[in-house]
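Going by the order they are written in, the chains are A, B and C; count residues from 1 in each one.
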Amino acid sequence: MSENYPVTIDNDGKSIWKFLLSELKPKGKIFTPFNIISVPIVILGLVLIVIRFWKGIGSITNLTQDVPWGLWIGFDVVTGVAFAGGAYVLTFMVYILNMKKYHSIVRVTVLNGFLAYVFYAGALLLDLGRPWNVINPIIGNNFGVNSVLFLVAWHFLLYMIAQLIEFSPAIAEWLGAKRIHKILSGMTIAAVIFGITLSTLHQSGLGALYLMAKEKIHPLWYSEFIPIMFFVSSIFAGLSMVIFEGSVSHKVFSKQISNEDHHAQTGIIMGLSKICAGAMFAYFFLQVLVFIHEKHWDLLNTPMGYWYLLEMLGFVLLPMMLFYFSYRRSNILLIRIAAILTMLGIILNRLNVTVIGFRWDAAVHYIPSWMEVAVTLTVIFTEIWIFRWVINRMPVLRDAPSWAKKQE
Amino acid sequence: MSINRRGFFKVLGITGAAMAIGRDLKAAPYRNGEIEFRGVLYDSARCKGCRGCEYDCADANGLPLPEPAKDLPPIRKTSEIKRTVVNEYNTSKGKVFVKMQCMHCNEPACVAACLTQAMHKTKAGPVIWRGDKCMGCRYCMVSCPFDVPKFEYHSPNPKIQKCDMCYNRLKTGEMPACAANCPNEALFYGTRRQLISEARKRIVENPKLYVDYLYGEREAGGTCWLYLSPVSFKELGMKTNLHKASYPALTKGFLYSVPTIFVLFPALLAGIHQATRSDNTNKED
Amino acid sequence: MDGFSYYNIFETKGMEYLIIITFLALLIPFSIILNRKVKIRRQLRKAMGILNTGMLKIPQGVFHSRNHTWAHLLKSGVANVGLDDLLLHITGEVNINCLKKPGESIAKGEVMTEIDHEGRHLKIFSPISGTITGANTGLADNPGILNEDPYGSGWIYKIRPSDWKADTSSYYFAEAATDWSKRELEKFRDFLAATMPKYSPESSMIALQDGGELRDHLLPELPEGVWQDFQKVFLNPGYRWDNERELRKV
């Protein structure tokens, strides 16, 4: 069980640099299927990134003057951040509502959230035309306080810091730093409260980015309620990602997980599916409300209308019913299928607002180039590599060392 | 037709007055101590489609000269090398020309969108792009209802290209390049107040020549570039479904809820956390 | 906003963000200080001799039985047993009379000691079965140790258990023990409200002070009848008391 992985070494007497260097060596098999697929794509992606900086964004993307934001913003940033919403929902449940049942998965979810934000904010730098000026809104040249994007950018920064603080006790345990661990653990609740507030605002903020594109987004997806829709859907998007990623991690890293945590997994998934069902129920009715308010009945009988119905009925209503029924029948497999359907629905929704529904009437429709897809995959795979590196070394899935538990 | 002395002085006087009004920013009329917006009135009925403004614009801004008339595709849009285009439309009243460029809105969406304030609404009216601040995020392009800003996708140091009403020329007292040399006086430069009264005057004096609508008076909350047309604006390919209030006001509700949530949520969350804490008796000792 | 001159609808936003930053910075000390007062109140109550869960010592590694006895298995294979802190706070200082000697065997649920205070006694039943390997004779001379350190030097017997797992399977451990103690205190409050009127209506006044707080070391001041009921409800194995109506039947 946990004997395969060394308990955190108290490295008094061993230099920190030697320790860090030794941790850089790979653990486990080199030629796993994931490695074989991901390495060539990552290398390709890096080459493409060099070309992007040498010849401009247009050389590897299909962005046009009508559609300036494409896959990188619509998928990497907007959808990726929605999926990282599990972190704020779970920390809310565990630290604010004191639902101790979910305590064992908080760390891995916060890690996931932190890495997601770091990598998607990083991917954002690729999309910027003049990334060296990205420090301008940070240092005050100028503070564009009138801009929703200014708000979103600052929140990303602050939220990454909050998540780092929330996760840092695990790093302290890995390094054996006892005193720092105590200080960081004391800051957890403040970081959690700050993080939940920030999350609420930037999840809805990503939706608010599109408020000014009033006539440019298809009327079935544009409303003044986009921010609220994005916020509510981020709740079940994040939890579905937690269910999905939890199922994968439990199989891949099963050696690290204690028996109790394995048994607790079922209970946790059932609980999360219940919350998802409830959130999706509310979200569906919000959508109905907005639809009635905007009075776009005549648009339903168009190709875009059918697409809208597909998204709402096939990827919101259907997984909601699946979550509901599979919870009542305690069917874990169905819950996992529902989670995947929900995630597809979120991808669909975000892409509909940001790319597919954006200038749907443009002369030249935007379709991402294979190079954009390759770079996106590069970002995702690199994130998974770092995730795996951390899980194999820090006490995220396995129990914290005893000295850390005693401090609580 | 012969012109008598009175008529001559009348024309001279009016021309002189018109030229004096459209003069420079420095000696500009102030109202209540505030500098007023300047803009341009474009009159489709007077425009003969000579495209001299396209050449003047390219010349003044260091852009490549536009294609000669015979090589023109039917309808063109502005691009990263063309800050303005003049298109020809076959309408119910024959050939009508339309000049397209930045509308220099009163409350521009691009300025509200820009997180570095690279897009800047000057107090005098023109909306300019400041390259030292821009990070190339293209949010201004997403927000602009007129799809005006254009991005240099194929440059490693890309700029945003759009008409800036020749702001540098305005500061030295000249007129925008396109308005300075229009042979048919289709472009009239002045304060927005003057433009509106001039436009209304033309509509009243020539009711058969113009459609009774001043485009840009209220579109997007009002723009500094105004249009008069002999036919409906829809026939000229202009956007007629635009919101008649400012676009930044659409985000105002959200942006103002941010401080509210920043105050309420931490207080609420801290309170709920206190309320749901299990009393650990060990901790008290 | 007349459309003829510059107007900024977001003029105050910069100031608003600064106010928010100030608010958040002030919120941290504000809430810390607000919550600190609670600790002082608890210490005050302890000083005034009010019985509350804040004063109970409940170590985490010890099994608590329903009869207010505890058992702790040492590495040597021998278990210490004793009385729990809540019981001792209720009874106050008592004399202890060990009924068993080392070498004897004892069964779970068998009487192992008696505690008495001025003639009123309570029987204590053993939490586990096994062989007694030692008795704490020091308690006879210095019974105060029981109240001061009930889980450490206040142990009553050392027992080599015959079936530790089976005996302790239903006992409370760690956090569950803390929660259970809180519930037992509430149960004691209800118990008093139900029994006092039976035996001496005026004495219900003694138990409760202003604000309904229980006094520490309460039982010695109460009549004999209450002691007998207390024995039945809190110390006898197998008794389940769910509401006060049950008690009136007793």
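Keep this in mind: a residue touches a chain if its C-beta (ideal position, glycine included) is under 8 Å from a C-beta of that chain, and two chains touch if they have at least 3 such contacts.
What you see is a predicted model, and the numbers here were worked out from it, not measured in a lab.
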{"item": "Chain occupying the middle, per Cα centroid", "value": "A"}
{"item": "Most widely separated chain from chain C, with each centre as the mean of CA atoms", "value": "B"}
{"item": "Chain-chain pair with the highest tally of contacting C-beta pairs", "value": "A-B"}
{"item": "Centre distance in Å when chain A and chain C are each reduced to the mean of their C-alpha atoms", "value": "45"}
{"item": "Rounded Å distance, chain A centre to chain B centre (Cα mean)", "value": "39"}
{"item": "Interchain centroid distance [CA atoms averaged], chain B/chain C, Å", "value": "76"}
{"item": "Sequence positions of chain A contacting 2 or more other chains", "value": "143, 146, 194"}
{"item": "Multi-chain contact sites of chain B, meaning residues that touch two or more partners", "value": "112, 248, 255, 262, 266, 270, 278"}
{"item": "Multi-partner residues of chain C (each touching 2 or more other chains)", "value": "9-10, 13, 17, 24"}
{"item": "Complex contacts: residues of chain B adjacent to chain A", "value": "77, 79-80, 109, 111-117, 132-139, 141-143, 145, 147, 150-158, 239, 241-243, 247-248, 250-251, 253-255, 258, 261-262, 265-266, 269-270, 272-273, 276-278"}
{"item": "In the complex with chain A, residue positions of chain C that touch it", "value": "8-10, 13-14, 17, 24, 28"}
{"item": "List of chain B residues in touch with chain C within their complex", "value": "31, 34-37, 106-107, 112, 121, 123, 191-193, 221-222, 246, 248-249, 252, 255, 259, 262-263, 266-267, 270, 274, 278-282, 284-285"}
{"item": "For the chain A and chain C complex, residues of the former touching the latter", "value": "143, 145-146, 190, 194"}
{"item": "Partner chain B, residues of chain A touching it in the complex", "value": "53-59, 61, 63, 65-66, 68-69, 92, 95-98, 127-131, 133-134, 136-137, 141-144, 146-151, 153, 189, 192-194, 196-197, 200-201, 204-205, 208-216, 224, 227, 358"}
